[in-house]
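Think of it as A, B, C, D and E in the order they're written, each chain with its own count starting at 1.
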Amino acid sequence: MLELSDLHTYYGESHVLQGLTLSVRPGEIVTILGRNGMGKTTLMRSIIGFTPPRRGRVCFKGDDVTRWPPFRMVEHGMALVPQGRRVFASLTVRENLEVARQSRTGQWTLPRVLELFPRLGDRATNRANKLSGGEQQMLAIGRALMSDPDLLLMDEPTEGLAPLLVREVGRVIAGLKREGLSILLVEQNLPLALSVADRVHILSRGQIVHSSGPAELMANETVKARYLGVA
Amino acid sequence: MTAEFWIIQTFNGLSYGALLFLLASGLSLIFGVMRIVNLAHGSYFMLGGYVGLSVVWRTGSFTAALVAGAVAIALIGIGMERLFLRRLSGQTLGQVLMTIGFALMFQDLALLIWGGDPYTIPLPAALQGIVTAGALRFPTYRIFIIVVATLVGAALWIVLDRTRVGAMIRAAVDDREMAQGVGIHVPVVSLGVFALGAALAALGGVIGGGFLGVYPGADFEVLPYAFVVVIVGGLGSLPGAMVGSLLVGLLDNFGKALFPELSYFTLFAPMALILALRPTGLFGRA
Amino acid sequence: MDQTRVMRASVVEEASPGPATGYALELRSVSKAFGGLRAVDDVALAVRAGERRALIGPNGAGKTTLFNVISGELPASSGTIMLFGRDVTRAAVHRRAALGLARTFQITNVFPSLTVLENCLLAVQALSPVKLAMHRPLGRYADLHAHARTTLEAVGLGGRAGAIVQHLSHGEQRQLEIALALAGRPRVLLLDEPTAGLSPAESQLMAGLIKRLDPAMTVLMIEHDMDIALEIVQHVTVLHYGRVIADGTREAVKANPLVREIYLGA
Amino acid sequence: MKMKVILVRTLAAGLNVALATTLAVPPTAHAQGGPIKIGLLAPLTGAASALGKDMLNGTELYLDGIGFQAAGRKVELIVEDTEGNTATALTKARKLVEQDKVHVLTGGLLASTGYALHPLAEAQRIPTTYPVMSSDDLTQRKPAKWVVRTGWNSSQSMHVFGEWVAKTLKYKRIVTIGLDYAFGWESVGGFQRTFEDNGGQVIQKIWTPLNTNDFAPFVTQIKREADAVFAVFFGRAALQFVKQYETAGLKGRVPLLGNGTTTDESVLPQMGDEALGIMTALHYSAALDNPANQKFAKAFEAKAGKIPSYYAETCYTNARWIVEAVKAIGGRVEDREALLAALRRVELRDFPRGPVSIDRWGNPVQNIYVRRVDKVGGKLQNSVIATFPAVSQFWKYDPDEYLKQPLYTRDHPPCPHC
Amino acid sequence: MSSGLAAPAPTLDRKVVAGFAALTLAGVLAPALPAYPLTLLTQAAIVAVLAMSLDILLGYTGLPSLGHAAYFGIAAYTVAILATERQMGLAGCLVAALLLATATAALFGVLAIRATGTYFLMITLALGMVVWGLAFRWVSMTKGDNGIAGVPRPGLGLGWSLAEPLPFFYFALLAAALAWAAMGVLVRSPFGLGLKGIRESESRMRALGYNVWLHKYLAFVISGFFAGFAGVLWAYYNGFVGPADVQLVTSVETLLMAALGGPGTLAGSALGAVAIVFLKNFVSVYTKRWLLILGAVYIGVILWAPRGVLGAFTREPRGAR
C-alpha cells in the first residue's frame, strides 16, 4: 500500500527525518510512537506532500508519488487526519464534509459518515469553530473518510481529548480497520496505539529505533522506558 | 437641505457604491484566497472598459461588451496569476511590487492600443431614460447599475455560501494547506478566484464606461476607492465589500455635496477612524 | 560595563518589593481557555527560588500554553501569576522579562539572518536602557560585547560568534536559544524542551550546561526526555489535559500509578 | 566574497563614469550653425495624453510644412513627456534647457505648470512660449520677462461670453459649475464679472475636484430656478459632465453654456447628441470659415486623422510664431534677448484662429468666437455664431484699473446672489 | 571575564565604503558634469534620503509602508507655504517642516503600528491617502491641484546662491550624506539592532524584554522624520509642491526604490533610488513607451533578483516580507 524508503526531510536547515524507511500493507494499521519533537508529524507532512522530502521515495499503491501535490495524493486514495484537527472554521459541518468529497462514487458517502458520527449529523449546519474538541476530531476523521481513501494517515487523533472520547476514537479506528482500510497512525496514547496496531514503530530523532508487534512492545519495558516513559 | 436633496444624493451614493462593489469585491476575494494585494486591479477596470468600448464599436451590442470585457480581462488575470504571481507565492511584498509593474505596463499598452482620447461607451436606448417619481428623477442607467451590482452580489453570496465550490473557496481562505490535504485543487481555485476578481473589475469597467467614460488614468483614479472599500469592509470579506462599497459611495457623495472643501478628508478620515478601532476593518478577521 | 551594572541593580530593585511569599514563581488557579477548550485548567504551582523543576505530560497537555501564560505571550483567562511575590498577571511580556523572567522556545526562536554575536547582543542589551540608544554604533559599547561573549563562551558558542545563525547546526541553534535566555541573567528561567531535536550526545551537553547554571537561578523546564529531566531536577509536576495530576519529588511522581498509566499504559 | 565587493564597487563607480561620459553633451553642439532647437513639453502619457498628442501633431504639422528649415537653418524639435505632472514637467524642462540646450522652450498643459515654469524661465533666461497654459496671472500680475503667451488666457474669452449671454440670450440667473483649480476659477470669474456687470446674477457656484468622475453629487445640486448652467471642463471631465448632465435629465430643461474647452474638438467627436446646442466661447473653432483655417484643418485631418482641437491649432500657431520670430532676427537664435524681443513683436493676420498681436504683458490680442454645437453632415461642430474682433485680456476695462483687482479665484468675484 | 573581550574596532561595512566612494566621486565629478545629469543627480540624492528613510521601516523593521509620501509631502508643503507666504528662511522652514512631518508620523504611528504584514501595508496606504486628500482639497491652505509654485531656494548667507545647480547639488549632497550618516549610525546602534531583531522574531524580542511596540513606533516616527527631511530638500529643489508629491504612486515608487536596492541595506535603497530616477528620466528620452519598459524592468527585477539589485550581491537573505 505505502512504502517509504530512506526519507530525508528538512525544515530550512534543520534535518528532521533522517533516512526513514517503513511500509504499510493493505488492511493493516501501523502505529508510530515517540516523544514530542521526534519527527512524527513531519513524517505525516512528508507523506501527504505538505513538506516534501528532500531525498528518498514515497510509493503509494505501486506509484512513485514523491513530491506530488497533496490534492493529487488525496485523489489517489490517501487521506489525512491532521494534528490539531484543522477543520475549516468558517464552514459548516456539512460543508467541511462536502468539500472533501471526491468525484468518484465510493463506499463513504455523507449519510454513511453521519451514520458513523451521529453527533455530526445533529450539528450539520453549525460552523465548525463552534464545535467542541471531540466533535472537531470526529469531523476531521469524517472529512478524511469523505475522500473514500485506501490509506488513512492519522496524526494524534486523541490529542487533548477526554478519556471517554479517546475510547470512542479507538472504537472508530478499530471499525475502520474492519472495513479494510489501511491506517498509518501517529499516537502518544500508548494503550490506544497498542490496542489497534498490527505493527509498531518507535521514532526517535528522525529515525526508527524500534519495530515490533504491539504485544512485544508491551512486554519490552526497556524500550518503553527509554523512548516513551517517565522512568 | 430638502428631503429631495437627501433622497437624490442617497441614490447617487448608492449607485456609485454599487459600481465600487463590482470593483472592490474582486479585489477583496483575491486577497482573501491568495493574500495578494493587487495594485493592478484598477487596470482591470480600465482595460475592461476599453475592451467593452471596442466591442460596442464593432457589434453595437452592450451585452456583448459586458461579456467580452469580463472574459478578456479574466484571461489577462489568468495569465498574470499563472505565469507570474504564482512564482512569488507567499511573498507579499514581491507580489505587490510585481502588480505595480503590471499596472504601469497596462497603462502604456492601453495608450498604445486605444490612444489617449476619452470615450464613453454608448448605451442601449433602454438604459438611457429617466424614471420619475413625483418631483424626483432617477436616471435609468444608475438604477441599472444598482440592479447589476445587487444581482452580482447575490450571485457571489449564493456561490460562496451555498455551493460546494464556494465552500472550497472558503476552505482555501481558512487553511490553504489543509484544503489541499482534503483534495481541493487549491491552485485551480486560486486561479479561478483571480480570474473572477479580474472579470468583476472589468465588468465594473464596462458599466462604468457608460457614465464615467473610458480614459487613460482611470486605473489609478479608481484604485484608491477600491482600496478604501476593502480596508473599511475588511480584507477578504464579501459582506465587508458590500457594506464598504455602500459606505464609501455614500460618504464620498455626501462629502462632496456637503463639504466640498474637505470632500476627500470626509472619505478617508472615517476610514482611518474605523481602522483605529478595528484594524482589520468592519468584517475582517485577523 | 557601568550601564549593565545599573541595569542589574534596577532589576533587583523592581523585583524586590511586594509581600514576600518565599516563592520565585507562584501560580494560583490559573486557567487559559481557547473558545471552549481549557488548555490550562485551574493550575496551581509554587516554585521556590533556586529550585529546579520539570513540567511533564503527554502531548497536548497544555505545557507550552502554560509557559506562554507565565511569560505573558498569552493572557491568562483567570487566576493569578506572581513573580517574587508581585502580581504580574496583567503585565506585558517585556515587563515580566524586566522582573527577571526569561524563557526559551520549543521551536527554536532566534534571529536567523543575524550573527550569533548580534543575537546575543540583542539579549544582553534587552534589559538596559541602552537598547533605545540610537546615537552611537553598537560597536562602541565594549561592555555589551564583553557580556555577550561571556555568555556565548558559557554555552559553548564562543567560537561561532561571527557566524550567521541560519548556518548553524540545529544543536548550535538550541545552544543559542539558551544563551539568549541566559544573557539577561534571569532569576527565573523557563526552558521549553531544551533538547528537542538534539542527538543523544548533544542532549547530554545541553544537560550539563543546564546543570552548571547559577544555583540561585530558578529553573522550570518542559522536557520529554526523562533521563535528561530527572538528571537535572528534584521536583516534577505532571500536567494532563491542562490539569496538574501529580506534583512532587521525582521518585514520588515515578511511582504515581496515574502517571504510569498515562505514559506506559500499565 | 571578494568578487561581490568588486561588483558593488564597480556598480557605484560605473554610475559616476556613466554620468561623466555617456551623458555629457559635446561642447560643439550648440555653436552657431547647428540646428535651431525647440523644446516641447507635452503630456504624452497619463490622463491628458490625447491633448499632448494634439499639441505634438500641431507643432509637427507646421514644422513639416516648412521642411524643418527656418532662416537657412535646420529646425530640431525635441519633445519631452510631462505625464501631465508639474514636477515631471519641471525636471524635463531642465533637461531641455540644460542638456539639449534648446533655444526656445515651449508647451506645457496645466496652469500650475505655467506658474512653476515661470521662475525657471527667468532663472535660465530662456525664451519661452506658452501655447496652452492659460492662467491669467502669467501675463497679468506676475508676468515673466522671458515668457510670451501664444495661446490665450482663461478669462479672456469669458469676459466676452458673459456680456454676450447677458445681452443677447438675456439670461438673468445662472449657475456655474467648474473644475476646482485656477483654470476653472478664472474662467468662471471672467464670465461672472461681465455677466453681472450687464445685469445678470450668478445664483450658485459649484466647484468639482479635478479627479471627479461621477458628477452626480454636483449636478443634482443645481438650483432649479436657473435660466442656464455655465460649465468649465476639459478633456474627459467635459465628456463625463455633458453626458451626466443629460443623464440627470437636465438637458432640454436648463440650457448648458460653457467655456471653450467644454466642447473643444479634443472631446467633441466622442460626444453624442447630448452636446447639441451647448454654447461656448473661445479664440478658435475648427469650423472657422477662413482660408488659413480651412487649409490648416484639412492638413491636420490628413496628418492626425481627426479634426483639429484648439490644442492643435494653438501649437501649430505657436510653432509658426516661433519661426516668424526666428526669421525676423535672421536665425540668430543664440541671441536670446533678440529672440525674446522678436517673439514679442510677432503680429500676423493669417493664423487659423484669425489675426493676432501681443500686448505689453505678453498676452495675445485676438478674435473671440461665440460658438454653438451643431450637427453638420452627421458630425458635431462648434459653429461660430458671433465674432468679437481683437479682444484684449482686459476686455473693455482699463488695464491699470483691472490689475488692481485681485486675481479671479474660488472666492473672487464674490457671489452676492448665491 | 574571559580573555579577548574587548569590543571589536568598529569595522566599516563594505557597502559603507562603496557608498562613501560614490558620494566622493559624485562630489568630485559634479563640476565636470553637464547641467542635466547634475540636476538628476541632485534629484537622486534627495529621493535616496526618502528611500533610505523607508528602508528603516521596510528593510530593518520588516514593516512595508505604502504611505511614505505623506511625511515627505507634509514637509514639502510646509516649506512651500512658509517660504512663499511668510518668506521664512531655511532654518525656520526646516524646523517647522520636520516638526510637522514627525508629528504626523507620531500620530499615524499610533494607528498603524498595531497592524502587521499586509494590514500594515493597507493601513499606511489609507493614511497616506488622508494626507493626499488634504493636499488635494484643502484648497485654502495647499492651493489644491494648482500646487504651490515659486518656492525660492534658501540663502545661506555664505555669498553663493543655491539657485545655481552646482551649489544646490553640493547642498543636497551634503544634506543627503548627513542623513545617510545619521541613519547609518541609527541602524548600527543598539536601537537599530533591536529593529532587526523585531524583523526576525517579535515574540523572541518580547520574551527578551523589549517593548516591541515602542521600538516599532520609534522606528516609524524616525522614518517619518527622515522622509520629512527629504521633503524639505525636495521643495527647495523643485521649487514646486503639488498633490502629485503625496499621491499613492509616489509612495509606491518609494517602496520600489527601497525594495529594488535590497531592503535592509541603506546603500541599496539609495542605489535603488538613483537607478529609478535615472531610468525614468532617460528611458523616456529615447522612447515614448518608457512606462512599458519601466513596468517590465520592475517585473524582471522582482522575478530574478527578488532581494533587490544590491541584495543579489550580498550573502545573507533579508527578512523583507
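FYI, contacts are C-beta pairs under 8 Å (C-beta built on N, C-alpha and C of every residue); 3 or more make two chains touch, one makes a residue touch a chain.
Since this is a predicted model, take the numbers as computed values, not measurements.
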A-C or D-E, whichever has more C-beta pairs in contact: D-E
Inter-centroid spacing, chain E versus chain D (mean Cα positions, whole Å): 35
Centroid spacing, where centroids are CA-atom means, of chain C and chain E in whole angstrom: 40
Computed distance of Cα centres, chain E from chain B, in Å: 32
Approximate Å spacing (C-alpha centroids) for the pair chain B, chain C: 50
Junction residues of chain E, two or more chains touched: 136-137, 139, 290-291, 315
Contacts with two or more other chains, residues of chain B listed in rising order: 107-108, 111, 260, 263-264
In chain D, residues with contacts to at least two other chains: 45, 180, 209, 211
In contact (per the touch rule at the top): chain pairs: A-B, A-C, B-D, B-E, C-E, D-E
For the chain E and chain C complex, residues of the former touching the latter: 1-2, 4-11, 185-186, 188-194, 196-197, 200-201, 203-212, 214-215, 218, 222, 315-319
Residues on chain E engaged by chain D in the complex (per definition of touch): 14-15, 17-19, 21-22, 25-26, 29, 32-41, 43, 136-137, 139, 144-147, 149-150, 163, 165, 238-240, 242, 244-245, 271, 274, 281, 284-285, 288, 290-291, 310, 313-315
Contact set on chain E toward chain B in their complex: 58, 64, 66, 110-111, 114-115, 117-119, 121-123, 125-127, 129-130, 132-134, 136-140, 248-249, 252, 255-256, 259, 289-292, 294-299, 302-303, 306, 320-321
In the complex, chain A residues that touch chain C: 12-16, 35-37, 129, 132-133, 156, 159-160, 162, 188-191, 194, 205, 218, 224-226, 228-231
Of all residues in chain B, those that touch chain E in their complex: 31, 35, 37, 39, 84, 87-88, 91-94, 96-98, 100-109, 111-112, 220, 223-224, 227-228, 230-231, 235, 260-265, 267-269, 271-272, 275-276, 279-280, 286
